[in-house]
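Just so it is clear, A, B, C and D label the chains in written order, and each chain counts residues from 1 on its own.
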Amino acid sequence: MDANRIAVIGGTGDQGLGLALRWAAAGRGVVIGSRDAARAAKAAQEICARTGASAAVSGCGNAEAAAAAPIVVLTVPFAAQISTLHSLAAALRPGQILVDVTVPLEAAVGGAATRMLGVWAGSAAEQAAAHVPAGVEVAAAFHNVSAYTLRHLEHAVDCDVLVCADRAETRAALRPWVEAIRDCRYVDGGRLENARTVEALTALLVGLNVRHKVHAAGIRFTGLPAGSREDAGSNRAKQ
Amino acid sequence: MDANRIAVIGGTGDQGLGLALRWAAAGRGVVIGSRDAARAAKAAQEICARTGASAAVSGCGNAEAAAAAPIVVLTVPFAAQISTLHSLAAALRPGQILVDVTVPLEAAVGGAATRMLGVWAGSAAEQAAAHVPAGVEVAAAFHNVSAYTLRHLEHAVDCDVLVCADRAETRAALRPWVEAIRDCRYVDGGRLENARTVEALTALLVGLNVRHKVHAAGIRFTGLPAGSREDAGSNRAKQ
Amino acid sequence: MDANRIAVIGGTGDQGLGLALRWAAAGRGVVIGSRDAARAAKAAQEICARTGASAAVSGCGNAEAAAAAPIVVLTVPFAAQISTLHSLAAALRPGQILVDVTVPLEAAVGGAATRMLGVWAGSAAEQAAAHVPAGVEVAAAFHNVSAYTLRHLEHAVDCDVLVCADRAETRAALRPWVEAIRDCRYVDGGRLENARTVEALTALLVGLNVRHKVHAAGIRFTGLPAGSREDAGSNRAKQ
Amino acid sequence: MDANRIAVIGGTGDQGLGLALRWAAAGRGVVIGSRDAARAAKAAQEICARTGASAAVSGCGNAEAAAAAPIVVLTVPFAAQISTLHSLAAALRPGQILVDVTVPLEAAVGGAATRMLGVWAGSAAEQAAAHVPAGVEVAAAFHNVSAYTLRHLEHAVDCDVLVCADRAETRAALRPWVEAIRDCRYVDGGRLENARTVEALTALLVGLNVRHKVHAAGIRFTGLPAGSREDAGSNRAKQ
């Protein structure tokens, strides 16, 4: 396991590929996972070609990717989230962080991308927490960053990234990965349950994209202290 | 009914008083409603004193206020929303717009202001729509603007206001009232059902206030076209 | 269109086939629909063979089936509900009744059959109502009757069937089809929104089956008047 | 603490008083709690008078009642649930069982008793579990038994009682208290999360009462094995 790398499960999809590209562009190591290892390898090659990152980006099967880095980012469609997590169960180890980027859009069952499904666990992220091995921490982040922007390196990512997790240490561990993406700001999103609203924001942003005929509506929080670029709290958030 | 005025039901509460103050400061006429007419009158006097607005701000009972202006803003706690709407039923007329600012926080039943109650109708705003007389249009807006900032005129209101309603004309009618508040930006929020997420954002902002020890966390949307200050669509939004 | 027949969309699945079998056994006409017309025809033949019903049971494609009877029963998995309804849109006519039997189990996205997904519209049945052509009435019924029992004609169906629909006439139209199934009792379930709980009951019954190692847990309501076999109300239910 | 008694918090309300009356009629000891100790004492006297139970029924403040028995039944309105639990926190001890009977009806905020509020924790019972001291087990039961019937001793209680709790031992501990009520049947409801549907059933039964003009609609499950009167499982339920 290489502490300097991050794994992106479902990394050949829009959101996963965009995140991988941004991290590669920032010189970070990335392991792209896909159900189809060949497809992951090809995606890694394309990212290397676009960013000039060399051996730092590789591709393999999802389970192999999940075993390769301390932080594992899950970017599969909601309908595939539980089955994908089950397929990773043997690869994940206590102490790893699983970052859920899943959004339970109604589109998962043929409906609109501007509406949400309700999740028994409360949010996709809390559902993820119920399907990872004991000792794996779950965080939620990166839902609101436009895949379109991520994949166009010439655009700055004008968006805050709310990071939710039950332990402040888990949230803090993600901060460097947020800040590696140009112009992204890390915002402490508190406990994992807050992912419910962060996920729903994605559907709201999809609606803004549709109504305004744009591709990359994002969100910025105002009124936070200048010190908000510091960790909002070194202790476990109360909420 | 005076087309140049706006009515604020529950206008002696934090959010209602803040909105009334801002509109008065912008020279707009405001009718403050309260269950206690005397309290409403006193609040109106205080606003006049602070803003120099003279006869343009008045106070009275809720039903009288609801009959006095084409746009009626409802700013009562969630637990009082339905009963307040029933008390206004005889006063409201077809063609009026009821702007719901209610947020179904768990605090309504003794829980946290960072968590939401689920509403059978989907959102507090959709619940409001089920309790107004036929022909009264319901919009949702102003949930995310900090009451603290509103009440401190020296602060700019660094926040977008998402306006949701099923008809584009209803949303557009609210635009001047959003823009009358210094630095507020009107953002077309699409259909009323989108209020579900807009309301939930309030609980998220409460959490940011708590974690960051601030009073006025707000929200700005990015990636919207320069033309986003124009009405995003003159037709009924699809979503 | 044959007023004496009922159409069962997705009629080669467990629940649909079970209902079709019971109606055929009671001498009623049934049109089984399937995405695969040949499979539907084969299912119809098997039902004829088991029940001795002759020409009264036939099979065809879903859209053709939907055009063939005034009452159309939808028994597809939740993940296929919206797309199936879209495929029926051109076939359905105002005045037809679409009976939704869909249950939004978490299993639709890889989770448990004892847990529910939340539906933006409130219930699968209300979601159906948003996806049928104007003038088509939607009812919800038959969720709680065990597919296992339906398919074993030697078992009585010891279960009440709650029928929900916004108009009492719609509910009443389903009564003969409920009572055609041996030992089934029709219970007026009131407005369509009540399908939320009726659907959830299915997940509860699945849990009872698992815990008790049985196949056909069902439900009976007590305390209803002897007259409850009569229509509970000839007027539109208030709830 | 007296192992032969049960405490009923909010025991002067309809449901609480009805349960207390039935247990007293069965010769069981009951401690009625109320915010108003005098009112609780008076209710206890009335129950003694009706049932002939003598010293076995007493009344006192809620906290005192909660300290007096191993099983504590909470029968307050949903809007008072959290604050009541906080008032009991100092009195409850690890190992006690808190039986939540709360139903989050929309009526709690002025709406209908046939509709539900959504609870952040999933159900009122799961919310209760988040507000009891560590080591106190939470179960959910008795929601579906009509208060009207409970209070009229001449009526049999023709209703199953689903008992939900995460540990099978907790569920089993409630069985004698269910079976002490004449004609009530204990049904293993599995994990506490299943209370979501059990609570919602209450709103459905309210609707049946309204539509059928009765007072005591109830529920019976069918298809359970004869052995279902035995504990459905001695192990922790899987669901």
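The rule is short, and it goes like this: a residue touches a chain if its C-beta (ideal position, glycine included) is under 8 Å from a C-beta of that chain, and two chains touch if they have at least 3 such contacts.
The shown structure was predicted, so the numbers you read here are calculated from the model rather than taken from an experiment.
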{"item": "Distance-maximising chain from subunit B - centres being C-alpha averages", "value": "C"}
{"item": "Subunit A onto subunit C, rotation angle from CA fit, given as a multiple of 5 degrees", "value": "180"}
{"item": "Rounded Å distance between subunit A and subunit C, as computed from the means of their C-alpha atoms", "value": "40"}
{"item": "Gap in Å, rounded to a whole number, between the CA centres of subunit B and subunit A", "value": "34"}
{"item": "Between subunit B and subunit C, centroid-to-centroid distance (C-alpha), Å", "value": "43"}
{"item": "For subunit D, residues contacting two or more additional chains", "value": "115-116, 120, 193"}
{"item": "Subunit C residues touching subunit B - in the complex, by the definition given at the top", "value": "120, 122, 193"}
{"item": "Subunit C-facing residues of subunit D, complex", "value": "112, 114-116, 146, 149, 158-159, 162, 187-190, 193-194, 196-198, 200-201, 203-205, 207-225, 228, 232-233, 237-239"}
{"item": "Parts of subunit A lying in touch with subunit C, wherever the complex brings them together", "value": "78-83, 86, 106, 108-111, 115-120, 127"}
